[in-house]
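Pasting the structures here.
Here come two complexes built around chain A, the first alongside chain B, the second alongside chain C.
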Partner chain A sequence: MAEQRMGFFTDTTVCIGCKACEVACKEWNDVPDDGFVFRATSYDNTGALGASTWRHVAFVEQDGRWLMMSDVCKHCTHAACLDVCPTGALFRTEFDTVVVQSDVCNGCGYCVPACPYGVIDRREDDGRAWKCTLCYDRLRGGMEPACAKACPTKSIQFGPLDELRERARDRVERLHAEGVTEARLYGEDPDNGVGGTGAFFLLLDEPETYGLPPDPVVTTRDLPAMWRWAGGAALALAAGVAVCFAGRKP
Partner chain B sequence: MAECHPVGYQWVMEARERGAKVFHIDPRFSRTSATVDRYVAIRAGTDIVLLGALINYVLSNGLDFREYVLAYTNAATLVNRDFRDTEDLDGLFSGFDEETGRYDPSTWAYEGDVPEEEEPVEGGEHHAEAAGSDSYGARGAGASASPPSDPTLTDPRCVYQILKRHYSRYTPEMVEELCGIPPEQFGELAEAVTANSGRERTTAWVYSVGWTQHSVGVQYIRAAAILQLLLGNMGRPGGGIMALRGHASIQGSTDIPTLFNLLPGYIAMPHAHRHDGLDHYLEQEGADTGWWGNRRAYVVSLLKAWWGDAATEDNDYRFDYLPRLTGDHGHYATVMGQIDGVVKGYFVIGENPAVGSANGKAQRLGLANLDWLVVRDLMLVETATFWKDAPEIETGELRTEEIGTEVFFLPAASHVEKEGTFTNTQRLLQWREKALDPPGDCRSDLWFYYHLGKRIRRRLGEGDDDVDRPVTELTWDYPEIGERREPSAEAVLREINGTAADGGPLGSLRELKPDGSTSCGCWIYCGVYADGVNQAARRTPHTEQGPVALEWGWAWPANRRILYNRASADPQGRPWSERKKYVYWDGTKWTGPDVPDFEEDKDPGYRPPEGAKAQAALAGTDPFIMQSDGKGWLYVPSGLSDGPLPTHYEPHESPVRNALYGQQANPARRTVDRPENPYNPALSPRFPYVYTTSRLTEHHTTGAMSRPLPYLAELQPEAFCEVSREMAEEIGLENGGWATIVTARTAIELRVLVTGRVRPLRLNGRTVHQIVMPYHWGYSSGGVVTGDVVNDLPSIVLDPNVYIQESKAGTCDVLPGRRPRGRALLDLIERYRDG
Partner chain C sequence: MPRRRHEMVPDAEFRSYYGQPILKPPIWHEPHMPAYLYLGGMSGAASAMAAAARLAGHERLELAARTAAFAGGTVGAAFLVAELGRPMRFLNMMRVFKPTSPMSVGSWTLAAQGGLTSVAVGSAVTGVLPRVGDAATLASGLTGVAMATYTAVLLADTAVPAWHEALRELPFLFAGSALASAGAAVMLTTPRAQAGPARAAAVAGAVTEVVAGGLMERRLGLVGEPYRTGRAGRLMRASRALTLGGGLLATVAGRSRTLTALSGIAITAGALCTRFGVLEAGRASAKDPKYTVLPQRPPPPA
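Up next, the complex of A and B:
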């Protein structure tokens, strides 16, 4: 890897729900609109991350509290979407981010069920898979991703992942000291089911509250073991067959 | 603020991170409420009760910043013995005329200030008829420089005692009864505001149209001003009252105004029946003491900027060329003039009154009765397309083939397609470059007016007709750039800055002369082109200069970042505290990180000699230099149309009785009693709900700049209302379903968002439901998304000082389901009107 691993730290405690990230993302990446549907789910009318929504601001109304969180592709350390892609359209960049090459993608859709977060999706019209690129083109040009650039309150922070993790841990510590005991990080732990995410979050409630899986596991985690079991089974079968034949005296 | 000014709001978030305690007081739980320390829900239209109770809390607990109050405000000043307060007259001040609905303000004056004429200079009928009060945007009305006073603050006629008595019944209990704020929440707010004021700390108030769009709008702001003066929070870092503007450069459009009653720099527009010539006008408009004592220099320099060599001392500098007021020429009076057929033509520039102004039907009926209409905008806004798709076409009230209005739609350039300045809320001018040429026939407003002016002049030719001279003699020659002959915006800025006798750029407004040797398009902007440099274009990053950042853009006046900053030091000129050190006297001059808002060498010990004029009439301890007495006015002896002290009146349409006075609503409010503008009766059981209108982050004003954009439209695709669970249950509204909102004007349909963020208010044992409606939708505007017009619901009832409409508080009924169509809609409204 030529560069440091880069990522996002999204601090929901300072998110004001302005959705500048959603708009900046679409402007920069030329993502089409996602339909015009009044969903009557708080101030959220884009629903969820998908092929045409790469940043999505969730609004959670609780008693006396209104949580807002800008969700995005997690850019996993162990990225199942990448593992299952048969064409090599999905690849890991020099920034250790996961990107789909739309000119290579053949629309097979294997990546869609592979994502433990339900992030990547195919567009109905062209069939190809789309998701956040962490603004790969901007990064190569030495610029930060559009969403982070547009965020007015630094809720979305971009930088080297090591630095972001340290900053995030300090932030949680400070919030705890101020009595915000519910503050917690989500996704930053390298020992979690996806080996840590390149985009992680500071939340004020359980992940499920924001529509995030509480304990995501890379869906290809068990593949080696499955292959081992399959191999073992094949060997056992072969051995059995051999024994069968070995037992027969001419 | 998070909702409408997310970019500016980052600094509130940052302040919070640094320990500031932030309260949000709003009828609506918005994105701001979600991100502050404490949200305080309030019934729309009752803020003066809350602010008055805070004032009462300060006064009755002796928490005012006494040294500041004594030295810098008119607390000690004695008031005319004939003055009667609302406490004496059950909600009226002395001088009210029931017949005309107007006040004679003469008894409100300071002791010894006896009006010399029958018609008081700063008040009275002509003054009120033409929104005269509005011209005090940057100044106080005339009053004595040194009226009698009682520094012990014990005289019952001194302002301090009058104030105390006036607010004595504004108690936490009254706040609970009228605003719906529980006493413990009020206590927390009062404690925080007072604990964070004084020598060591300051508190700032931030407001927007939730405070202004009321029939007592001006007095809302006045109430905040009283509180801030009592707590010593004016002219000091971290203090003040900040008006958030509705969109880019609204501040600029009052400084160099698009208002009928003002000339550039808050100079009053002359009145046909009040002002004979320049001398008479200057004599009448403003005081001779305080900074406005220099007004001759500003007016003459303005006339020189406009009429150049044609303006000479002999001809009063062409003062007679200025248009004259004959009365109210405000927006709503204009619309009524259209309906009456008196107003024949209409320019609508970057506005969309068919959706944005109160009582949209009246707006559209006016448009339909014009001879011609010019609309300049980025999109085909509803104001330009009303003739084919207005709601009145559907109901049959208007028929396209019968509308005679000739509509000229002229496409405009957007802000990235032209150069110029934005002046934002803190008076900061920032120059922006043109990024690209406007497409096709789109042109800047500057191009439009300049070339329109040239064509008119060509038509007039060399004509000798006197009536044409104000146009033919106008200085109207800016360099034209490129094939499109775009006038140079920098040349205009240079003209606004002004030039000295030698033709060079002026450096400061202090160089302006009353003798015609200087010219200046707007005296408060003088200095923006100092040294021939576009000061508004400066962009030194904050990392390369101090926190006051004097080299980023340019703030009027004189690049001063905090107004009245003399008040950041004590009367002797020492900082009130090390922590709040700002501008101070170093023994020979005023200094500090900002430009001092004071004569730099004026000793704090200076006392004016008898008969001194202008700033020389103010002492070294008088920081509020625009006022005739240099004091912050807790009490306003003249200049306002509805009383010297803010008083709680219920909105014109309210479901609640005024618990403070027999007087229900502002007695001086302007009503428009016409068939196009029927009112819901106050306390009417047919209209039991309180509504307020609002904005969303995702859209801009009437949606003309956001609904055509898919990326914004998808984020908030449909017009909706927010209602509480309890209200939804009571009426049978379903989340995601439809509601029909009814007032005496019309009914509209909106999607329903049922939310726990809106809560019913408990007022004196009674439940009042509020409904919140963002107003961004309309029937066209090239919108990807459309919706009913929320501003069709409010009536036209106006604040008497500045004629702003009461669109932030009214009553309505709410029905489940969609509204009737066509004639059936009119029948529904008819049934409501008949009661």
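Up next, the complex of A and C:
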């Protein structure tokens, strides 16, 4: 890899829920309208990540505190979306990020249920799959992604993944020392089910509270077992057909 | 914080983001995807039957099986292309061969299946190059068993809990369903006197389909709930009743045209219900965050 692995560290303790990241992402990437829905649950009128929502700020109102968290594609080390894409439209860049080539994607939709985080989706009017590119074009131009640039509190930090991991561990230690014992990192562990995420988070509650899966595993980890069971079924089918013809005169 | 308690699993308490799904449900459309699953499976098992019929010398049955395999593959492929968000780009499937993508493996398998069954039928109908047609029929027996089973891997290789966790049983469910479908199609299009092996295939397929489905629902526990509830539950129950009924009738279908017709139609309807039911169960299991969260949380110490 010519370049360093780049990623995001999103520190939710300093997020103020301004949604500047959502706006900056839409503006820079020319992401179309994703509808304005009043959900009557919180300040969240965006809802969830999707084909036309590449940053999503979650709002959780709890007794005595607000949790806010800017969610994004995790740019997994073992990315299920990329593994299952039949056209090669999804690829890994020189920054170790995961990007869809919109001129190749044929909209088969396979990446959508493959992602264990529910990130990528198909735009039904356009027919293709879309998600965060970690501002691939800006990175190639030596700039930081639009959301990180726009974030006024440095909740979204961009940089080489090694540095971010170190910085995040320090931050958790400091928070623990200050008595914020519920602070925890989410996704950064290279030994987790997706081999560590390129975009990871500092959370103040269980992941599922923010709409994140607690401990996801890349589906393709079990692919050899799947092919073995399917191979067994294929052999059984061949044997079954043979038995149906055995001993029967035409 | 919304905390939800579920009647079916009294101890399963979990939190979520306003009850919203964590996963994106499969976006594949109805009837496209389930129709393809049925037609592709039927085509595959029919090819296996055509190859066996060739080896065993059942000429009339072989013709019917070749035809069913060709029709299923062709119409199924049309459904698959129509399902794409960008149908004009369907050839992009052939840009690469990716063993990590069951859809890539499946596209190549389908292409081979389509080619071989077209040659087999073309030769049978025109009488041109009979040896080539026979060789294509035998080769399609191999692509056929792959066609009938790869779709199970296609579904299992996703984050959808009701599909992924069913990775052991889905191939047998689909293989059984494919064999029953092909048995039904061939017995409906072959004179009764020569359709014995097709009736046997219909019975064997129906039994496999029902047994594999039952084992799957039992082993999956909580994650298998979507196969038992709601619209998917109704489809799976209808599938079981139709498949069992059709399979029973197939044992006596040699006696009359009416029995053959009833059996073949019931089995076909049952197989379609299975495919629609499995797709719907996958959607339901992706939409409810409990199926994502609970299996990923180690059980609390008692």
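Simple rule for what comes next: the second predicted complex is superposed on the first by the 225 of 250 C-alpha atoms of A that agree within 3 Å, B and C clash if a C-alpha of one lies under 4 Å from a C-alpha of the other, contacts with A are read in each partner's own complex, and residues count from 1 in each chain.
Heads up, the rule we're going with is that a contact is a pair of C-beta atoms (placed from the backbone, for glycine too) under 8 Å apart; a residue touches a chain by one contact, two chains touch by 3 or more.
These figures come from a predicted structure and were not determined experimentally.
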Chain B versus chain C as contact partner of A:Glu188, first or second or both or neither: neither
Touched partner set for A:Val84, first chain B, second chain C, both or neither: second
Chain B versus chain C as contact partner of A:Asp11, first or second or both or neither: neither
Touching partner for A:Ser42 - first (chain B), second (chain C), both, neither: both
Chain B versus chain C as contact partner of A:Val23, first or second or both or neither: first
Greater chain A contact set [chain C / chain B]: C
Partner chain in contact with A:Phe245 - chain B first, chain C second, else both or neither: second
Touched partner set for A:Glu144, first chain B, second chain C, both or neither: neither
On chain A, the residue positions that both chain B and chain C contact, one per complex: 39, 42, 62
Residues of chain B touching chain A in the complex: 2, 6-7, 9-10, 13, 17, 29, 31-35, 39, 696-698, 710-718, 720, 735-736, 751-757, 784-785
Complex interface listing, chain A residues touching chain B: 14, 16-20, 22-23, 26-27, 32-40, 42-43, 45-46, 61-68, 152-154
Residues on chain A engaged by chain C in the complex (per definition of touch): 39, 41-42, 47-48, 50, 58, 60, 62, 80, 83-89, 104-110, 112-124, 126-129, 206, 208-216, 219-220, 222-223, 225-227, 229-238, 240-246, 248, 250
Of all residues in chain C, those that touch chain A in their complex: 1, 14-18, 20-28, 45, 48-49, 52-53, 55-61, 83-87, 89-90, 92-93, 95-96, 98, 100-104, 107, 141, 145-146, 148-150, 152-154, 156-160, 163-164, 167-168, 170-172, 174-175, 178-179, 183, 194, 196-198, 200-201, 204-205, 208, 282, 286, 289, 292-293, 296-297
